[in-house]
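Mind having a look at this structure? Questions to follow.
Letters A, B, C and D mark the chains as written, and numbering starts fresh at 1 in each.
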Amino acid sequence: MSAIHVTTTINNDATEFLCAPDETLLDVLRDRLGLTGSKEGCGSGDCGACSVMLDGRLVCACLVLGAEAEGRTVATIEGMAVGETLHPLQRKFLEHAALQCGICTPGFLIAAKALLERHPDPTEEEARYWLAGNLCRCTGYDKIIRAVLDAAAEMREAG
Amino acid sequence: MALDNKTDAGKRQFKIVGTRPLRPDGVDKVTGRARFGADMSAPGMLVGAVLRSPHPHAQIRSIDTTRARALPGVHAVVTRADFPTVDDAAIADILDNCMAGDKALYDGHAVAAVAAASGAVARHALELIAVDYAPLPFVTDVDAAMKPDAPALHPSRADETVPPGLSANVMARHQFGHGDIEAGLAAADRVLERSYRTEATHQGYIEPHACLASVGPDGKADLWCCTQGQYMVRNTCAAILGMEQGSLRVTPSEIGGGFGGKTTVFLEPVALLLSKKAGRPVKMVMSRDEVFRASGPTASTSIDVRIGMTKDGRITAGFAELRYQGGAYPGSPVDMGSMSAFAPYDLEHVKTIGWDVVTNRPKQAAYRAPGAPMAAFAVESAIDELARGFGLDPLEVRLKNAAREGTRASYGPTFPAIGLEATLRAAKDHPHWSAPLGPNQGRGVACGFWFNFGGDTCVSLNITPDGTVTVSEGNPDIGGSRASMSMMAAEELGIPYEKVRTIIADTGSLGQNDVTDGSRVTFAVGLATIEAARAAKREMCKRAAQVWGIDADAVIWEDGAVRPVSPNAGKHPPMTLAEIAAIASNTGGPIAGHCEVNAEGAGVSFGTHIADTEVDPETGAVKILRYTVLQDAGKAVHPDYVEGQFQGGAVQGIGWALNEEYIYGDDGRLQNAGFLDYRIPVASDLPMIDTVILEIPNPGHPYGVRGVGETPIVPPLAAVANAVSHATGVRLTHLPISPPRLLAAIRAK
Amino acid sequence: MPRVKLWGSLAASIDGQSEVEVRARTLRELLDTLKQEYPALRPQLDRGVSVAIDGVIYNDDWFTPIRDDSEVVLLARLKGG
Amino acid sequence: MQYISPTTVDEAVHALSSATGACRILAGGTDLLVQMRAGMKRPDTLLDIKRIDALHQITAEDGGWRIGAAVSGAEMGEHAALVSDWPGVVEAVNLIGSTQIQGRATMAGNLCNASPAADSVPALVAANAVARVVGPHGQRDVAVLDIPSGPGKTTLEPGEFVASTYLPARGARSADAYLRFIPRTEMDIAVVGAAVSLTLDADGICTAARVALGAVAPKVLLVEAAARALIGSRLDAPALDALAEACSAAAKPIADKRGTVEFRTQVAGVLARRATLIAQTRAGGPA
């Protein structure tokens, strides 16, 4: 099994790596590139803790092969804040205490960002269904949903 | 040092406690920087993997690791033969659970482990290990395991409480209560007898178990892991491996949920032994499949209840016989279930009998108020059925029978001031209780209780030269406790919250701390933090008095500064914490306060939940329409995180009520070892969870804090079941109320 | 002398006595005396108990004071999640 | 193991027929990667078809739609004209997994994974969809009904794969609908699935119908007796009762961790009835 050389863009950085043919993008991010913000909760696409954007689409990095990243763009939680400035979603998660243990938080933030890019004014129900693939066991989702809707409102006002 | 300043709870005006500042570890957790168990790495690190039994019960005749050892890239292979012998029975069980001895006792039981240069090599090596199993008859159901001819897991391990002649799988019998049950039942207008069942559930933390072990040739070892208690990990691993506790330093990572499931060890002793053998650091991470098959789910139960009630709603007697299987080793939480079952009620005649049973399932671990939710499901369902049967308001019936100050608790002691009645009255006054319901909709109410406790706790509080403050404590922050500790330190010192930073120490930096469990952290660590701050204040008073050349008794601490107690002591402008800190070197050296205590005196906590459900009568699907949690928190230090505990516990309970269950096949193997078919609630399953925080101060804590984390999972099972019964007219006595079960009941009506 | 309430399993092991009088001024004295005077309680006491003294639950603190009129209740050792 | 990502269908066909050992097609990967991780599948070669532009297209063809095998569920949901013609098929595809899964999962993959519970397959069968199969001997068109042969098994020959799926022209006053039952509101595998595609005349009388069920037999069921119950009726209560009865009668489910025989049998009829009413409304409703 020989390694595959992949050239890709991660969080706007040109990146190269070698990976095994059956190695997932999640393993590459975490084990080869040190981007451990994406978490593995299940490895089967059922928990959303490894959510990343692949060419602008929300995906589970555990269900993408590293080799598939060739020539594509990947965005992870590590690229969400700009310098010292948190994304409004990140800020609202803090303000609303939308995390307890925090393990699901990166995945929720990536998924919520994808939601607000497509639906800047989601209803509570739309937000709940969009985020149904992200499991949280601590919060009961209440404060997460409030944070997402509040961030959406702030982002709409900011235009 | 006397912890004598406990009485200001309730009358004190707080400046910081009770507000909602941002948590200090928050930015790291929203940017992906926070390091959880699997995020650790070390130079030269190997990857460990575990071979697990595919059999629910089997003699292990032999294990041949020759081919695995010969595989290039494999650095160590261990089986039980590599572990020392352990005498202590409890530790021996933990070891046996981490690595099977003569027998594999459940599907997923570890039988061997390897450390290799990569995960791929490690997985390949596992396939090269040949285990010769002789499969044995097995049992996974609690009632089946209690039959005298059931396959026995262990020969003669029952303790002295078990009468002779029972199944060898019965490990212990517990009995609690007072009064005369038969006399009480005779006074009832109706005696309800019902049997209930609940299935095993899993804590469902999103972060799988993970650790990184590094053992040097000198025997000094370091371990990084996600755990609810680094000291517990240290002490348990040291006992299993025959190490001295001081030679093993355990550093907790951030923890991605625990709920009781991370109060023991699974991988850690194995990783340490692999590292020792390989001479390299070894990292081990469970897959989700391993988490379900081989960590510590909770008990499944079978419970018989007899309750007598008069037609005006007075409970005349309560009896319950509870059977809990706790997996392959003794120690199911049936004792806690038996003690808590009737705790919310003031009963003259009450009795519970609990049976601790072993089966071919993974060794149970604590799960949030261990043992209590199932017992509450049975009792709260029966009370509801009786109340509705008499046409009484189930909330009024609970109020009529509620335990209050002076009530002799069903488990023995007399209650001091408690908040159950307050939660019931708040529920009655809440708009939820009187909101209209539509067709196929129903409303349920249920109460819950948890003991809470304190335990060994250390806090070290340091005043830095610039007047900021660091707090070191020994309990992993599982849901915002760093914020709570910083708030209590800042409150006590009279400085802004932002000036305090709380960190979680490794085992080398503080004395023994009990696990983050039992809803103990805000209570016990909070108490120790306040005492540490008071110690620092005493020292600062001394320093200021020295500078002013007056007696230490002549100064007081007020609003973050030392002041002369009266004009007689001289005219000195207040000396602030920062000013004293700046001259610490000149006045005797660095200033710190610390507290080491076994924090007793935790206050019990009660809650009342209201659930509205809508049932699709053609499919049995249940939708949660509205949900309200009302609970006594003593004093809510950070209300956001108190609400978060209420909401999270309620939703775990909702999952338990509706969909979550361990499903074993006829082959004794777990059929749903993944988040696809072990169905924890998702965001679209739920409404907002309303919360009402009641504050009946705990006199045992300086600020009145009670534990809040566990009680919220106790009422939901019955609250949901009662709501479904109200909506459909059929009563489900077997959880989860999965659609096939409910539809069958509706169609049989 | 404080009267100590025993839970059912403990009572069963000493012929159904659900309350006993024990000369003790501290938790440690209480547990030691119980073991001496009621050897049948020893296995359970050795496995660990919690003790409620005037409604407050204690686990281990030997020198917790007990007054003659204190309400003392032995409980199964508390566990938590 | 090797990973290859050809850029044309011909290349892919060639690679597939010349691969030694087991070769699996990687489309969305949402089933395959999970099965590989669980050790259930151990391919020697992974053939990623997502670099083949032709397979990424949703193309109008003879009044119907041809959907490439690499088109994700999310892309189908965003195609307004397709949604308008075949709302039932698209809603079935969009029910597969989470938002994250939708970004990857494909309808062709759902078909070829051959799970009896696949959400899109009953909807495709009700729609009378046709799969275009390519292989070393050229291409052939096969009714979707005939692709799966049992749990995890298809009728595809070695070296063949599904390159696209064709949804026929949608007539006037016609529509489809798909409903499934799951215990939660999302993230589950169908316990029962029911798809209905029907045509109404100007008076609201059903002139054509196809009814298909999922998760109640080793493979998708086309229930002709259920369709007969609808055709000629105004989809009134007796017709719907007959439909439900026919569906329950046709269902031959197993009991497993997701549902009982009794539950699946009963709910098959319930869902078929409800899906019929949705399709009726979409088709313009009663006259």
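The working rule: contacts are C-beta pairs under 8 Å (C-beta built on N, C-alpha and C of every residue); 3 or more make two chains touch, one makes a residue touch a chain.
Just so it is clear, the model here is predicted, and its values are computed rather than measured.
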Most widely separated chain from chain B, with each centre as the mean of CA atoms: D
Chain pair showing more contacts of the two, A-D and A-B: A-B
Euclidean distance of C-alpha centroids - chain A vs chain C, Å: 54
Separation of chain A from chain B, taking each centre as the mean of its C-alpha atoms, in whole Å: 29
Gap in Å, rounded to a whole number, between the CA centres of chain C and chain B: 25
Where chain D touches two or more other chains, by residue: 38, 185-187
Multi-chain contact residues (two or more partners), chain A: 20, 43-44, 46, 129, 131-134
Multi-chain contact residues (two or more partners), chain B: 203, 259, 675-676, 681-682, 684-685
Touching pairs among all chains present in the structure: A-B, A-D, B-C, B-D
Touching residues (chain side chain B, partner chain C) in the complex: 159-161, 173-178, 203, 259-261, 263, 333, 335-336, 338-339, 351, 353, 366-371, 411-416, 451-455, 515, 517-520, 598, 600-602, 700, 710
Residues of chain D that touch chain B when the two form their complex: 38, 181, 183-189, 191, 256-260, 262-263, 266-267, 270
Partner chain D, residues of chain B touching it in the complex: 289, 618-621, 658-659, 663, 671-672, 675-677, 679, 681-682, 684-685, 738-740, 743-744, 747
Interfacial residue positions of chain B with respect to chain A in the complex: 20, 22-23, 25-27, 29-36, 38-39, 120, 203-208, 254-259, 285, 287-288, 478-480, 638, 640-641, 643-644, 647-648, 650-652, 674-676, 680-686, 688-689
Residue numbers on chain C that touch chain B, as the complex places them: 5, 7-9, 11-13, 18, 43-44, 47, 50, 52, 54-61, 64, 71, 73-81
